[in-house]
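Next, two complexes with chain A in common: one pairs it with chain B, the other with chain C.
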Partner chain A sequence: MVAGPARHHITVCVNFGGHEMDISSIAFANSLILGLSIASIFFVAALGLTIIYGTAGVINMAHGEFIMLGAYTVYAMQTFLGVPYFLCIPAAFIVVGAIGFAVEKSLIRYLYERPLDTLLATWGVSLILIQGTRLIFGSEPKFVQIPSFLSSNVEVGGLSLGAFRIFIILMALALAASVWFIFYRSDFGIKIRAVTQNREMAASFGINSGQVYSFTFALGAGLAGVAGALFGALNIVLPTMGIEYVVEAFLTVITGGGALMGSAIASLAIGEWQSIFALVTNSTFAQFMIFVLIVVFLRFRPEGLISASGKRR
Partner chain B sequence: MKFSRRNFLKNSAMVGALAAPSIWIPQSRGAWGATLTEGEPIKVGVLFSLTGSLAVPEEDSTLVMQYAIDEINAAGGIAGSQIEPVIIDAKSDFGVYTEKARELILRDKVISIFGCYTSASRKAILPTVMDRDNLLFYPTCYEGAECVQNIVCTGPLANQHSKDLIPFMVENYGKRVFFVGSNYVWPKESNKNAKIWLENAGGELLGEEYIPLGDSEFGPVLGKIREAQPDFIFSTVVGASDIAFHRQFKQAGFSAETMPIASLTTGEIETKAMGAEYGAGHYTSAPYFQALDNPTNQKFVEGFLSSPYGKNGVTHYNMAETYNSAYVFKAAMEKAIADHGFNEVTSMRLRDACAGIKLSADISPEGETWIDEDNFNTWLVPKIGHCQSDGSFKIVKEAAEHVAPDPFSIYPDAGTCRANGLVAPDGTVRTDVI
Partner chain C sequence: MTQNLYHNKTLQWLFYIIAFGFLGLVPLISDDEFLLNQLATYAVYGMLAVSISLCWGSGGILNMGQGIAFGLGAYCMAMTMQMQTQADGTIPPFMLNNGLDSLPLLWVPFQDTTTGIIMALVVPTAFYLIFGGIMFTARVSGPFFAIMTLATLSAFATIFVDLQAYTNGVNGISPPGSLNLGDMEIDPYSSGTYWFVFAMLLVCTFAAKLINQSRFGLIVRALKDDPERVRFLGYNVAVYETLVYTLSGLIAAIAGCCFAVLTQYVSPAQFNVGFSISIVIWAAIGGRNSLIWAMFGAFTVQGAQSYVGDQFLNTWILILGFSFILVVRFLPGGVAGFVETILDRFTKPEVEPDPVDLKISDAKEVAK
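On to the complex of A and B.
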């Protein structure tokens, strides 16, 4: 990259441990764009968990493993069936959504009255999924292939971002819009919101609340599958890969408060701060600062940014 | 006696003082040691992570260790006894490493432990190994700056590892370098060494970044690299992060042809895991590559890959070093048995017997190596591999002669590591310097 002749420098003086540094405005703008990319990763990771937690109040410890299954679905379809990457993404949604549906029907639905037990039960599910994947696919790492045009860098006037990261941002926007549409513009969404507000009352109006929960859980799992299809390309594909993302997802959901908008704002804040901290200091310190800020935030606002519903669980 | 708080404190302190020595301090060093019985199997611990972020490449170390032990056992074992491995999954958790090392020594009574990949795990278990006078075979690269009397290392030290790589890269690609590493002790110490080689080669360090161990978000680091525009990148990123780094590097539009990554860790396991197209064009320094052209290596590669342990399909520097550690163990056991008798071999006698053990080119796939008589690290020949489009490495440079391991090469004031401890310039000797 050749810097343009008129390369502006704003002098952002940052004083960390006695080191002063000048950061060019372009580098700062780039880090804001990168922050958007990190935010989109956090958001996509948290989306499925947000829906399941926000609607059914189930703290789904197996969320990371649903992400992992999404990545493995793409791997398996590419390797054994030769399906192109873009078709693998909806396939991951369907396959993992179906697995989520089965888990809900066979296990979770017996536990809605006992939220603490869902914690333990879903953790058990996560262990079963990790070991099951290891038995089927082996423990050696796999990888996901992406079309070569996504392995390029898009540059506009000194600002740049990888094409694949742009793709993830677009996917995050598309998923957010679809979920918003389902929740606020469809009949199913009305049912979900009714059941979320008061399950018994909704049931008395003829809504099959059990079915609503099943499909919501399946939707959340399917979205985790899409997340896995995207992350598999960025990262290593291993049976244990979900553990890393489940932390990101929980951070986002807890900070956001369980609502869709809350998760969107929380992931944006986390992504931007992480990117800016990493620019002025380094990645390790950035991660440390993010955790500190979240702890301080939750100390003063334990319910998160936007609470999912009036009813506290 | 009136029971008061003051009396209670005084009495309990007394009881504590009396009880402590008899319970907690072993009567004599070595009382914990494994005892061998002629004709019985020789137990060794195999302590690597089979799961978690370090499973690449530690799982393969476990597999190759089993292969080597099978090979030795099939050839008659050691002095008529079979080696019996106790295989442990440390789950990429440093707490588990410590706990399991203690269990291996106290419960399983192993004569030695083969294990650890990261320096963090080695440093986690060393206090336990030293307390119990056991012996750790550490079969990978590390930073040095240690002089412990309970460790034998078959991989390269920092002073052997990047010595050729940095000048080679500066000569072929340019002087401007960016360092990226995982955030723990080995990358930091390796980079201290690399800076010296870089200065000697007339290079310029543009930036130095560390990311948390196991983390996979390289966006900010790649942003800084784009800003700095180095001629090449020197990487000490390990494990799953290394795969994420190479993938995101190419996805961010960087090319190995104009800005290659010169790594100390990216071997055949990693290039297979990331997809060969992401590894192609980058460089790695290691004493062993699968493509090494010698009969011993051909036998090793064919034998291992066709064995039940070769399911992952590649051999790797870490695996060759692990394989060699099994044969150093065998040779040293035979020497110790000849010197002391089978039933009298202890972990420390085994360690003393390791001094100067030479693995000939018919045993060691990487060519002849031997254990240093003073610091118990390995004399070896570092090589530079260029990753090809199929993920294998082409050897582009090989050191002219064996390079001596020197754990304190960048800390000359600390002294010299000898068999009995770290000898300071003023003649004082300190043992167990971690």
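On to the complex of A and C.
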């Protein structure tokens, strides 16, 4: 259950027919590209968490389960309604966003003053979501169908990467751009940033801070849903699949410091290092090395790469 | 009554002694070997809950990776037990299967039982001291510390699975015989072993209680409420945090040793994230601020879980999740907090002296 997404998918493809480059540099270039792919997965997994943590300071332990629900939404829509994959992605956003909204309205908003308790309560939520899903869909793995052109492999001069992984990288860029737009170029974004800086002051200027928190939480949950829609196709869909992503997502957010840019840089750094370590040792040991590096990093910079609020933890 | 009975120290100790008296009498009532082993395992869970109550309830340090000390203690103990059954110069069979032909350096200390048991206590405690020291001097606290413990726990699980030649990977270590101390064999299915584990639980709980009531405990509880103020008063907060975290790790390590002796089996499941968080759930439901109620929480939740059986396990986890949310939302003190509130009803408030009416003229008098 601790296996990261990388463990199942790292297959460094070296094209031995390549004449221009010698094998080791091809392997290295491939692992850099693979690192980019791992980074994009980490980033997509951490995006919703970043928003929820960066705005409301809530550590959402149910984030992995929101990812899982996104994957199950896609599975259910494909199997029972026959919806094409590309339409399932926004659907996962809406469905999981609505679930997140309900969770915020019924539980989280009572706990904003007690950060440790939100962490525990959301763990309770994740238990219920895992178990509820298991009771409805069963424990056996489910599969998400993707269009055939996404299941091919793209090879350029000895470098190779699955088309779906390229799609995830593109999605990561698109999602980052949309979140950036929402936060820095929309009215809602101004409200979010105002509430993040000073809740009381924002409220006295007529911003409904409770509502801003609710919608931010729903947005974060919806992004987790999108992540689930992508990971469900990359991996098998299981009620417990969220746990695979949640620890890495948390590490990305903490290393990044809670800001959007911080998470982007942190996921890129973690992904590339993990891929390079994996080339030298193996992917499990690479994960271990990453953990150690992050602990050492946080010793010297506990506020993370880019601190969202400037507050000391 | 002008004082809430819940806060009466004499009554608290009386309650502890009566509760432990009952637990100690169990082998006299029943000699069912399976039941005794089962109850001794619950005592191990009780120790874990006590250790969480010490660092989370008293110190406010939410530790979601208590499985680290528990697992390390259990592994060291199982390695000691494994080496006891090995004839001189032979190595455990799984090492042969993984291509090792001599005992790795990592295993050498466990050839000797005394060194092995000392290692089982020292290794986890030293790890907690170093890890806690790094984290707390960097002032990582609150939810971030919780996440870091969780991540470290995952890292341990990963590495124990990965180092297959040394740890037998996911299969774990199952020593073929029970632990021998000198000429004595510790049969996990005997009343003697029950009493031994029970005594460990008693020592850990009473020691933790004494720590809580000491001056050290007072400062630890103060830094839970406001670490900045404690820092301004001149205390080195990081030292106190690291110490209470390490002490809780020591208790968890003892629990791990007992667990390995009782079950004669360890695996990376001891480093399972879900298991470590369920320790927190026991303490939260029982009452994080009270050692003994946290212990009761462990007994109740684990007891109920084995009572409902595998058939209703699915529904049980749902119930557990809901009750956990309800406790966090409405009863942050758990059952202990509920008892405290009930006892508060029977407490008459002290008659407060009339507030002194200060007038401006008085101030002028003072100023003169």
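To be clear about the criterion, the second predicted complex is superposed on the first by the 287 of 313 C-alpha atoms of A that agree within 3 Å, B and C clash if a C-alpha of one lies under 4 Å from a C-alpha of the other, contacts with A are read in each partner's own complex, and residues count from 1 in each chain.
Just so it is clear, a contact is a pair of C-beta atoms (placed from the backbone, for glycine too) under 8 Å apart; a residue touches a chain by one contact, two chains touch by 3 or more.
Please read all numbers here as calculations on a predicted model, not as lab measurements.
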Chain A as common anchor, with chain B and chain C clashing or fitting: clash
Touched partner set for A:Leu119, first chain B, second chain C, both or neither: second
Partner chain(s) touched by A:Gln287 [first = chain B, second = chain C, both, neither]: both
Partner chain in contact with A:Ala27 - chain B first, chain C second, else both or neither: first
Chain B versus chain C as contact partner of A:Ile128, first or second or both or neither: second
Contacts of A:Ala233 with chain B and chain C, given as first, second, both or neither: first
Which of chain B and chain C A:Ser37 touches, first, second, both or neither: first
First, second, both or neither for A:Gly138, with chain B first and chain C second: first
Chain B and chain C footprints on chain A, overlapping residues: 1, 134, 282, 284, 287
Of chain C, residues touching chain A in the complex: 60, 62, 131, 134-135, 137-144, 146-148, 150-152, 154-155, 157-159, 161-162, 272-274, 277, 280, 284, 314, 317-318, 320-322, 324-325, 328-329, 332
Of all residues in chain A, those that touch chain B in their complex: 1, 24, 27, 30-31, 34, 37-38, 41, 134, 138-143, 145-146, 150-153, 160, 162-165, 233-236, 238-241, 244, 274-275, 278-279, 282-284, 286-287
Chain B to chain A touching residues, read off their complex: 50-53, 55-56, 59, 183, 209-212, 214-217, 219-221, 223-224, 226-227, 229, 240, 243-244, 247-248, 250-254, 273-275, 311-312
Touching residues on chain A, where the partner in the complex is chain C: 1-3, 59, 107, 110-111, 114-117, 119-121, 123-128, 130-132, 134-135, 243, 247, 250-251, 254, 282, 284-285, 287-288, 291-292, 294-296, 298-300, 302, 312-313
